[in-house]
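Here come two complexes built around chain A, the first alongside chain B, the second alongside chain C.
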Partner chain A sequence: MAGGEGALVPVPSENGGSVAVYPLHHGLNPPIARLAISWSRGNSLRVSVFRPPSEDQVGGKVVEVKLSNGDQEITDAQWRRIEYGSVSPFAMLQSRRSSFSSLLKVSKSPSPYHLDWWEYVIEYSKDISSLLGGRKLSPNPIIEEPKAIFKKGEEPTCLKAAWELMEIFYADKQSQAWLPERLVDWLADYDSLFSSTQRTIHSKLVDFQKDLVNIQVIEDDPRYWEVLSSALAVGWLDIVVKVLRLHGSYQLDQLSNREIENGLVEAVAVLISKMPRLRPESAVGKLGECFKSKPEFSKAWEKWRAQITKLDCSAFWIQCDNHQTREGLKGMLQIMLGNIDSIHMATCHWIELYVSHFLYIRPFTMGIESMYNLVLKCIQMKPVSNTHRLTGLLIAILEENTEVVLAECSKEYGPWMVAHAVELLSAGSEQAEILLYDERDNLGGISIGELYRLIYAQVLSSHSLTWQIAPIYLTSCMKQGMGLLEILLYRQSVRHNESLLKNIELCRLYGLNHISSNIMKVAGVYDWKHGRKGSGVYWLQQADDANRLHRIAQQLFDSVGKSISDESFKQWEGVIELLGSDSKSAGGLEFLHKYRDFKRFLQQVTSGKSTEAARQAVDSLILLMKNPSTPQRFWLPLLYDSLKLFNWQDCPLLNVSETNLLLNKLQELSLARLRPDFKESSLPPEALGCVRLALATNLGRAILDE
Partner chain B sequence: MAVTALSDGPEIQRLPQYKYVDAVRWLPPLSPFDRFAVLASFDSDSDASSIEIHSYKPNPASLEPHSSWVSPSRVSSLKTLQFLQKTVIAASTYAGSLHFLFSNSTDASLESEVSVPENELHRGSISSIDLMDGGVECVSVAGDGRVNLVTVGNSNLSYRRVFDSSGLVSYTTAKWASPVEFATGGYGFSLHWWDQRKPGGPVSQFKGNWDQKMTAGIVHSIDIHPSRKHTCLAGGSLGTLFAWDLRWQQQPIILSRGGTAAGNNEVPLVSESEVWEVQYDRSTKSNMSSTRLLPAMICSEDGILAIIEQGEEPQELLAEPCSINCFDIDRHNPSDVICGLEWEAVAILTKQ
Partner chain C sequence: MAKPLLTLDGGTTCSSWNYCGERLAAGSVDGTLSIFDFRDPASSSYLRSTFKSKIHEGNIVKVVWLPPEYGDAVACIFADGIMSLWEEVAKDSQPFQWNMCKSFGSSSMKVLDVQFGISLTILKMVTAYSDGYVRVYELLDPLELKSWQLQAEFQNVIDSVSTSGKASCLSASVSWNMQKGGSQESSFIVGYNSNTSELNSSKVWEFDQAHQRWLPVAEMVLPEDKGDQVYAVAWAPNIGRPNETIAVATSKGLAIWNLGLNPDHDGRLPVERIALLPGHEGEVWQMEWDTSGMTLATVGHDGMVRLWQSNLNGAWHQQAAFKPTS
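So, the complex of A and B:
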């Protein structure tokens, strides 16, 4: 919009660098008089462009501008799937929290039988994590490709990587003793994510795999040894052993004359597959030997290192005449012996260097603080120009700064992430819990945790497909949640029956009867205005809105007055059925009910000549005339319709007092005609006279009878 | 009353669509091996509605997009029918238009389309349509109180208005009972019975003696079994499922209801909220005594898909955390059920 001749908003040139300018095609000829910008559905902006009023041109145009969600990794539709999926785990955790805290109140000391809180949190975390991407790897193919280094699987996402990182450090208390090993596994799953900004071991391997088919003698290629060292440095033992066994000396025709060389290759492969690891257990089929306790591990570690040293000094090396193989294997041994230079050479990103420190240089690292110091050292050794969104989070976690972790989550992964990660963070430590759940005056008395939940709920509320799940989050916010929920429910459109009913259902679930009755009133008036009179009446009845029912009754009478002919009365049957027999809920419309009865009897009178039906018709007429809800302007049409009854041949149908009642009404009507606001009915002018005459005749006959 | 789960439960596949599912139907099968489902979907990102034919593969159930047609507005009602070697898909929209798509019976590709533009049949959105079995005649009803019959020829169509209540009665659903009779449902749990041989209005109106609280309801869906044409099965608000027997007009047979009746042990409570769709369950074997109602399947706003049979414990087939907005039982393979879920997904159940 800015820039050029038709610029609407001047952009100061000194700001030019930080302001992104996007042209917007509104197709209007300048000059533009006014501009209005408002939020539309979801991430759309509605820009209304107005021209000054003129006769020959369009006055304005409305353009919707879709803003991207800023995340290239996950599309809007995928985000929604994550949002839907996280509802159940979140709701489950909230309900467990409330039962858990009430349990704690009952028994001051935690009972030995119930689970620790973090076990619920880890269950929640696993549920959420499974939403963020399927299995990392597809099941093994039946015939394994001999030259495939990586198994094909789903592309990992930063979101899932970040979530797992938080799970490792905050939720999974069992992994606390094996944090370094958890990080090794984590990097094995997500190293490819770092390839977007710079070269990584993963990208090295991928490149090498592409060329693998074209390489004749694999061990003569220096990249082969490079790739082996790199993969070894970050502990991808399975890959290393697999690639190592692609070595030419394994080929049957070469085995005999390369016996010693092959022996050395195999010795290294065996050593690698026997590497001791300080962890409970590896995934099935993973190489390495696992030790749970530190003393056992340290014994195995010493032994393994001794074996490497022994191999390193072995005399066989001299007998191995393949220079490439010899140097390559020796290089790998150096990595296993923890030679910092070799490791530095073999790794690309500092995070890879960091992980290999745990594997080969400081296998006994414990505690977050020493892990943090190590991170600083590795960044220093392999500095990067820009921070990756994952390393930012990792550093914040190691720094043990909850506020920075929250800020990173919010900045890089958006409101969904923060709202859900708060549960992990607060399980991490008591300090974090206090930080997150303490009410703050500067936030209007709500806690940080609630604030982030509210923000997320607002995001959900702004989309037509996700607003229905916002209440789950709003109701978990003690202070402001209910207020915002009421606003959300009020704001929904009543245009379509389905969404209206879904809205009312939410009101019912959360016990907001006053809201649903207001929504029903709005829906009733909306339907009424759009000609759906039946449903309008229904909703107003549901809302017990006697006032509006009375008002629309007046309007209905107007059309009843016109459609008094028997043909069209069939249309009214439905509405009268709907009103039911209970007069209270019908409001002013009760009249219709009695009118229908009257009309029905009158019809019987016309078709046959039954005196019985005529009597019933008279009874209905008297009831109608006595009833205060019968509008005055209906009196004359009613009486005019009843002329036949007053002039009944066989006998007078009305007694003296009934006739007097009707005459009085007629008198009242004559007086009312003098008032200026009186509405004349569409009856012939002589109608009043006819009725009066008929009634007078009837009165005479009735007096004679009595 | 407790709801019993099936001992060997159905196989369930939930398939995310990344689009809102407005309606689902099975297509009448072309051959035992090629099976198709029709989805009316709404893509909120592009604001586009479409009718998509997906080919269905069992074990595990999966849907492959096959062909699709862009609808001018969101679909409010969707029906399918096989007629004279042609597969007909009828769809009504929120904008008020009605569309008939004809698909090739050999490969289910869409061949032609005829439609009635908006504001011709109804003012505003069409609530419901139904196709007559064995003839392409379609009844359409809406909140504006009109009842129309649309007759579809090879490339043209004609329609006539059966009734116009001028909005005094709003209709929410319609279902054919025979080539000349159909039933409609609406507000206040009302049901009307229409007979084309007796024009001018409904020939029969049902308004049972519900207690005051029970009038609070809307009929959302009706089913009529070809072998029991005198019984009209209706589902609606407050978890209500009832049957109206034309021969015994004043009292409905209540099969399920929630709300205030929850304490009543005689009527099972399956759901507390809107019953969006009801169909006779063609797969459950039941004693076919003519005095008892046939078993029925319902789906509801509170995420329940269940089989309800008179005098039996209800069987819950699915309990989702979100609404089940629609479902369809495959007439030719009645153990397969497709459901449209609120959270942009479909679920396919295969009963054991």
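So, the complex of A and C:
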């Protein structure tokens, strides 16, 4: 959907009743007569568009709309990499949470939770952050390429920038004391992202770098000094010092006659590289002197400022005859001295102005509230026509309004972001934790945190390559996760064995036996109806579906006494074999088994005419007839099937007592026929007579033999 | 962005996806039923036609899939009021084919809507007829879609005194409370678009095991809207909410109702209309809840697809709309 994936996530702010209308391209000529809709997996909606009936035109189209297409700046493949990559940090954090809460229950002291929990959160945050992009576009100078200001790195993304912003403010408790400095670093990494909407210091530098090779006398170009002031204003000290040293006075042939000028340039460079910073340490090789504690920093800061003032008033300036250099360097000193007009001039975006406030105007800013007030002031000084998605988030964070932060995350960065950022937010403060994890009647008894996880799981379910990770998020939803998981698993296709087995495995993993039995039932019926009877019976047995197995057994009974082809006998035999392994599930199976044996011998008799096989057939017939589980309705069909045995040429196969047993059964049957509930078999009317005659003949021969 | 899946033949009037979204059944104006299958389930790339045959003289107006526990089968409702059940089977090693199992309805007693639900492991078919009667059929043999038995027939009215005069119903809408597995006694909602006001309002019916009959346990209507014609009803899937959510579309708009689960002393379930939304400036054709029961998608007279959601404060609103364009 064009509006970014956040558009379909519930957000607390109503947008005044106006609804976003998106075009749904179907490529048909108008008019359209009718529409039909159906939800597919997760968040995808299928729409059928029908034209009015006509002969020569196509009748309609079916299109699929994914209601959450993800962030536009990130490709689908990258999204999937992020989605898969975030599973293990997420699962790890969840398992840590559960062991934490069980630990809490045992010790009954809240301290361990609050002491250490954020450490896990920061580890999680770093893991996630590393997924969102590799090396940042860092403004490090490279020695090998003296004129290159920027290293070429991976393009930064707003998603990563937003995640880091959340990490700075909510998860990283250790750096709470030097938040402003973290923001300075953050902007150094992501200033380029703001170039999309307006001019930034980054874009200024990039433009300047392009022209650098063509500039003869660099210090005579006013842009040189402009770029230096700008980079200095946002604290990109390494760049400033590097660019300063491109100054013409450094060239060997110039040293002798530009000594003073060069001395001034170098003095400024040294002052810049010695700038005191209130932070534990900077990245390796970065300029500036770091101080952990405020008093130390404060002392160093005073000293540094005094040095700048001293240099500013120095007599050497009069001796420097290069006007451009003199003015340029003086301008830089003004920035370092915190001259608001110079800083205002040097910065482009209000966020750059904001950061330079921390560096030069209010280096002792502490606390979110004062940071928020400062933001308002900077926006006022450099108003922008449209809000950037990153500044929206930053302002919401500084406003300390968790709901707005969530809404910004969801609107601008989508379900993945919210589902994962909830962990950071809830680590931020107790109020935020309550807001996120309190169950709400409005949401059907779930918490906001759970809601966002459900929404993200829906997004994952929408794609065939990601639905299998949705269960990990669903199982972390205490109230409604399992309900959705059940539907998700139930609605997978059973037509392909591989996915069927995977599905059943997932059910087993999450203890959803009733769902797996349902899935197996569906698979069993599908196979049974599509000519794969054996597999059908197998799945129905796995599903413990006594009802359907009983019906299948009944269908098998129906073929008792009927002549069947070799092929279908084999199939019939196979099904009985399968049913046999679980005789409880279908009544009368004992009979079916015996009948199968009998039928098998009888078939051998037909094909081979061997007396031995015939004797075996007789034995199993007698077994069948003696057995009380043999239904009476099958007596006559069985006997009629055996006519050949009774009329055996070589010798009588049944002895006197066996023949008498059968004759008695026949007698019983004749009596039963008089009862009203007797069901006549489908045999020819003369069947009974034939059997009686054959048995009588056999009896005669048996008496003679004995 | 919209991804095209399939082009339909001229004269196609209705379509329906099966439970897993892998097969599409489409009906057309000349009574042709077509089945389309995804060739490769993993890529879900494109659909191919696996069956196409004229199964009836006259327009197919609606196709409904049966629950997959009963095979791959559809119910087709025709414009002349007949409804027939068709099932895909393969005998031995022969290729599969679609066979008719059973048909219901007539020109004087038209089937208007049909929906299937599983209740106590028995498949039940609720059919709404043009004579204002709801008929519930039970499948006797779970492997045989021919063997249906009429379990109950009743009018969609609260008082047992039947309505005076002959009811003439244009359309009806049935929706089951789908419980997974179907091991429990189930319930459904039905609403009518007719000239008889008592029939119209949508009512929830529940089977009373003790007296072996269907009882109306809730009526989704405000007193002043009693006679309003109902275009569509949709029971939301419930993944764990303490209440049921039901959408009812009438000429007044699209209402979202909460249905409590604890009956009062009369055996009635408490209902509350939690939202009345503008809808589609006219008839609503179809309403579908997503799997979580959090988003309702609707289509209707204005030719738009609209999505409705509740925000974090429980207020329902239109979240987005899609305008079909070439």
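Convention: the second predicted complex is superposed on the first by the 461 of 706 C-alpha atoms of A that agree within 3 Å, B and C clash if a C-alpha of one lies under 4 Å from a C-alpha of the other, contacts with A are read in each partner's own complex, and residues count from 1 in each chain.
As a working rule, contacts are C-beta pairs under 8 Å (C-beta built on N, C-alpha and C of every residue); 3 or more make two chains touch, one makes a residue touch a chain.
Nothing here was measured: the structure is a model prediction, and the numbers come from that model.
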Chain B versus chain C as contact partner of A:Tyr538, first or second or both or neither: first
Touching partner for A:Gly263 - first (chain B), second (chain C), both, neither: neither
First, second, both or neither for A:Leu501, with chain B first and chain C second: first
First (chain B), second (chain C), both or neither touched by A:Pro637: neither
First (chain B), second (chain C), both or neither touched by A:Ser464: both
Touched partner set for A:Gly288, first chain B, second chain C, both or neither: neither
Which of chain B and chain C A:Leu45 touches, first, second, both or neither: second
Contacts of A:His530 with chain B and chain C, given as first, second, both or neither: both
Partner contacting more residues of chain A (chain B vs chain C): C
Contacts of A:Tyr84 with chain B and chain C, given as first, second, both or neither: first
Footprint overlap on chain A, where chain B in one structure and chain C in the other make contact: 41-42, 464, 496, 530-531, 571
Touching residues on chain C, where the partner in the complex is chain A: 1-17, 19-22, 24, 26, 28-29, 41-44, 47, 68-72, 87-94, 96, 121, 141-144, 180-181, 183, 237-243, 285-286, 288-292, 294-295, 297-299, 303-305, 307, 309-315, 317-326
Complex contacts: residues of chain B adjacent to chain A: 16, 18-20, 44-45, 94, 123-125, 127, 143-145, 164-170, 172, 186-188, 190, 192, 200-201, 205, 207, 212, 215-216, 218, 237, 272-274, 301-302, 321-323, 325, 342-344
Touching residues (chain side chain A, partner chain B) in the complex: 41-42, 75-78, 80-81, 84, 87-88, 91, 463-465, 468, 496-498, 501-502, 505, 508, 527, 530-535, 538, 542, 570-575, 577-578, 580, 582, 585
Chain C contact footprint on chain A (complex, rising order): 1-3, 7-8, 10-12, 14, 17, 19-30, 32, 34-43, 45-51, 53-67, 69, 403, 440-446, 448, 451, 454-455, 458, 461, 464, 479-480, 482-484, 486-488, 490-496, 499, 514-515, 518, 521-522, 525-526, 528-531, 547-548, 551-552, 555, 567-568, 571
